[in-house]
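Okay, got some structures for you below.
Note that chain A is present in both complexes that follow, paired respectively with chain B and with chain C.
After this line comes the complex of A and B, so read on.
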């Protein structure tokens, strides 16, 4: 049952805003349909099953605007100062979802097509896949995004190409008051293509709070491979609601790595992977840290629709201070999806008396010849392991921090790009050491 | 496989063994639910004023509450006005000995394999037989009386021990808990009442056999078990029902209260009519069961073997309020044909050093849908709480389903919670291995299933374990293929 929360100002102002925007906007048909659907759904409340532990309503108050301010001109030095740059990558810099070509280093056009979403209508892949993701219409915020998205990136790796260097997308958000930003992306790996995408995020001359409601639709076609890194590392005065909807065709591979090590007070990641054909492989890895008053919510779902697919998911979280962690992992095996192997694990460490964790690993299985398992744990630093280290002359604080890091680094060890791994490990170390010393 | 398939087909078509109907005159309230009905029930049962008011309050809540929508199955329309809320065997008399009991009734129990007289003597089970809501035979009363144990029908308890009933009724399952619990409050017909005094270890397994009988009657039992300080009791509940075409509603409420150092073990074997192979007929089993470990070092253990009912929908839970208390839940749920089971448990840790253990084994066959839905909640003051959960599903056939919805909420940083779940089918290699040793496929599957469920079946008292194993094979044999 969905109870529609309508008594909030943003919701009330939306129809008017939508009417204003729709005139000059791209893809009006899709937008209108999505807005109608959104009006049916409303914003989710805690009575909406998928938002049971994450109350977004308080975050939607305080007069949020949707009119994007003009992007400030950004120098290369300023970009450097964000500390987000990575070596040996193609770079795409976005301010409030809009591509900044002067700061970007594009991959060769022979291999990858890159367009602004607002200018991608002519692309065949765009027409084929835009707003077509399964379950898109179940996501309240994704519908709002479809209705009102501003811009984003259309990326298409051409068939049988290997994009050697990772594509690094730097999302910068600029605001002059409380702002709702809705970027929208569509990434397609054509048959046999191999592509790696890294996403980083930071604030840029912000005043007020930015609520980012982003949607990524990714299509991994036959025999294609896509590795997707989401580095949610900075972002004070930001809130993130991310929808990542992935469709996998036969024999494709999709890897997702989500690291939430941020100062944003709300992060909600919806990651849906739909396995639409046989013999696919999917790996989802996540590490999240909930500190301060943060709420970090990871909702993942893997939809096994066809036989002989394999999915593997490992999420770990550390809860500090008054942080709240939420994990919901769903594996859905449809009737036809025989010979499915699906594995899911979620481990949590709660290191503060005021921290909370809510976890729900969920299996829904309609086929019999499957191997599915899930496990979840909530615990602390093992006393035995601590004793072992202390017996070898390692102090309490160091020993604890070693154990927590070991717990976290099991995930980072899965990262295939050394620079990304180094960045994540450094950041995790920094936060965990600071917490251990408190 | 084809010869095998034939056998299996034949077995799948096997009729419900316990499907027969007893012809006994009934005193039935006209169908319909209103204040009149409630007053009628209360009057029939000669109840005190406070209980009538309590019932009416339940009815008011029932009218206010709405049907839940979160379940993982399609909830059939239940016509509350089409149900008769009171059915009692006529010529109600207190029986001094079994000879006075209607022989027709005794034959019914015999067909079920429960010959009252012999079995109770041999097995040491005191049987309080509930036949369509009204107790007709209570045995071993004398021996229990000597120990101060009260074991009687709910109606008698209201007459003879109103202070105990008044003190504990509705304290574990509040009237407003859910719509079916509220309905039960309003119209409950009878049930069992157990009180174990301080320091007494109940010397025998207490047992009640429920049996739904008359047409168009829902059963609304109410069971209340109180284990006073330092006492122990093991209670068995078992059910079979005759064959029916119309769906029957069963909405019982069971409340367990364990005080300091007390232990309650509650075992259920449920084998109500599951409907035919097209899913026609069958019982709707919507039960609210909950226990509270009120005292320190108390323990409540639920064991259930669910093989019957068209829809089983229940979550026996434990509120771990007392420090160092323990809650346990062991479950085997089998769904075959078009059966649905949405079952699991709630473990609410409130006290310090509380422990809970959940073992759930689901078996789905043919079109059966089996859902484990559980909640483990660790409160902010439940230091050193510990939970272990294992829920496994076994799938037999490619049109059945197994689902897991475990909710885990922790607000304490000293809590240790573990949950693991697996889903798989019976290995062809395992069956092949047994075939090679001269065991036919059907028996092989039986052996594998029994081995799979052993961890739970072992928790049952011996008498029940035998019946439970029999039920597992009856329910499943028809579906292996």
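After this line comes the complex of A and C, so read on.
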């Protein structure tokens, strides 16, 4: 059953906007189909199971426009001032989803093809994979994205190439009023390719709030490896709804690291991984911090469709102030997926009486020869550990802060790129120290 | 150094310590023995400042200051060290970072600047050698995946680093094999001096063969019922605690 939220000016204005846009838009067929589907689904309400604890409607109400302002010209110094630059990486800078070649350092074309999504129609991999992800049509916001996305990145690592340096995508958002931005990406690792992608995000000078509704479709083909870091560290006045839809072919490896250490009001991550062939390996790591009045929601799913695949998921969160965290992890082991190994763990620390966590690990198994486990914990700092540190002369504030950081650093220790690990540890440390001293 | 007078304490309303008197001077080693449930570990917990224990009567002075008025961390900074019966595993906190933080918080308490990295590492190496502590364990998370013996040795190593005036050892011998017991005891003996004192809580006389006490006290039902020299420990080993219990029953007024 679908409940369509009404009285949202954005929703009411969409048909007209769509009619205006579709004339000159790329990929009109896909867009039309998606818009039809979106109209059936509407925006999700708290009656929609997957949005039970995340009421997105209030965020859609205050007169949001979808017309992107002209991208401001950005100097290298301004880019540097974002603090997002990383050493030893290829760099792709996007403003409101559009690639800024003058600020970017592309990987060699012999190894990686990079196109704007609006100009990728001729690419065979684009034709093969664009808007084909399983579960795409389940996501309200992903349908809206397909219907009205403006631009984004098509990235294709060629077969058997090893892209030595990580590709760092810097998403910058600019607005002159309340704005809905809808970037769309498609990344393909061709057979045997190895690629690392790091995503960072920041707001440029902006007035009003920016609601980012982004979709990444990633395809990791046979024996390919993709490591994907999502560093969600933007400032205030931003809201994020991210859909990451991953397909894995035989013997492929996909690693996802999602760190939500941000001042954004709302972050909703939908991460769906579909294991479409045998002997794949998947690791999903997440750490989230919900403070102030923030709502941080991670919905993940792993579909084991074929035998002999292994998935491993570890998410941890710390809730402070009046922050709310939501975790939902689904693992489906389909009938054919014998010899599956699937593990999932979600641990939470709730450190304020006004903070909340809603966590739901779900495991659905339709095969009979599998190894699966899942678990979730909600707690505070261990009193025994706290006393141990105090009994060695370490003060209460320092001791608590050490323990909370230790809880986070178990996740950051999984990061394979030293500069990325350093950045997330510094940020986590900074936020948690500030919270401990309050 | 430590002066305990008529100490009463309770956990969740149940009286555990019922009037302990004990005086420990610098340079002394006191052993506290007693049967299960007599209040030995509770005494250690009260002295270290565990929150669950409520002091209902009596006083404890440490170096002339009111110990009971201090938070656990201030007690530690003033020079009280508790070697735990069950040292806690803390994943994600590195042993070395933990020790550095502890050393510097104690220094700050005494108005000293933080230790320079080089000086700290030198001290670390020197104490590792002294305590025969495996350097590989230093870089691991605090006690994570350590064997029982390694955890106890780590506690004694911490003691060497923090140089307390008073060390309270809560059943440090429990769960140790004979080799680990020897190493831990040797460590303690190396740290003994005329300026510090030890209170050693144990079930068994065995530990006292390695760490020879100046005084032995028997705790029973929340009180010290007998005190003596190291020979008392041998007598207990031979006769068991029942011998004492019988004695005490005769002395207690009929209720």
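As a working rule, the second predicted complex is superposed on the first by the 438 of 438 C-alpha atoms of A that agree within 3 Å, B and C clash if a C-alpha of one lies under 4 Å from a C-alpha of the other, contacts with A are read in each partner's own complex, and residues count from 1 in each chain.
Quick note on the criterion: a contact is a pair of C-beta atoms (placed from the backbone, for glycine too) under 8 Å apart; a residue touches a chain by one contact, two chains touch by 3 or more.
Because the structure is predicted, anything quoted here is derived from the model rather than measured.
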Superposed partners chain B and chain C on chain A - clash or fit: fit
Contacts of A:373 with chain B and chain C, given as first, second, both or neither: first
First, second, both or neither for A:83, with chain B first and chain C second: neither
Cα-centre angle that chain B and chain C span when viewed from chain A, reported as a multiple of 10 degrees: 70
Contacts of A:292 with chain B and chain C, given as first, second, both or neither: neither
Contacts of A:359 with chain B and chain C, given as first, second, both or neither: first
Greater residue coverage of chain A in the superposed arrangement, chain B or chain C: B
Partner chain(s) touched by A:63 [first = chain B, second = chain C, both, neither]: neither
Closest Cα approach, chain C to chain B, once both complexes are overlaid on chain A (Å): 14
Overlap of the chain B and chain C footprints on chain A, listed as residue numbers: none
Contacting residues of chain C [partner chain A, same complex]: 48-51, 71-73, 75-77, 81-82, 84, 87-88, 90-93, 98, 101-102, 105-106, 109, 141, 158, 162
Chain C partner contacts - residues on chain A that touch it in the complex: 382-385, 387-396, 398-399, 402-403, 405-410, 413
Partner chain B, residues of chain A touching it in the complex: 1, 49, 53, 319, 335, 338, 348, 350-353, 355-380
Of chain B, residues touching chain A in the complex: 69-70, 72, 378, 380, 393, 395-425
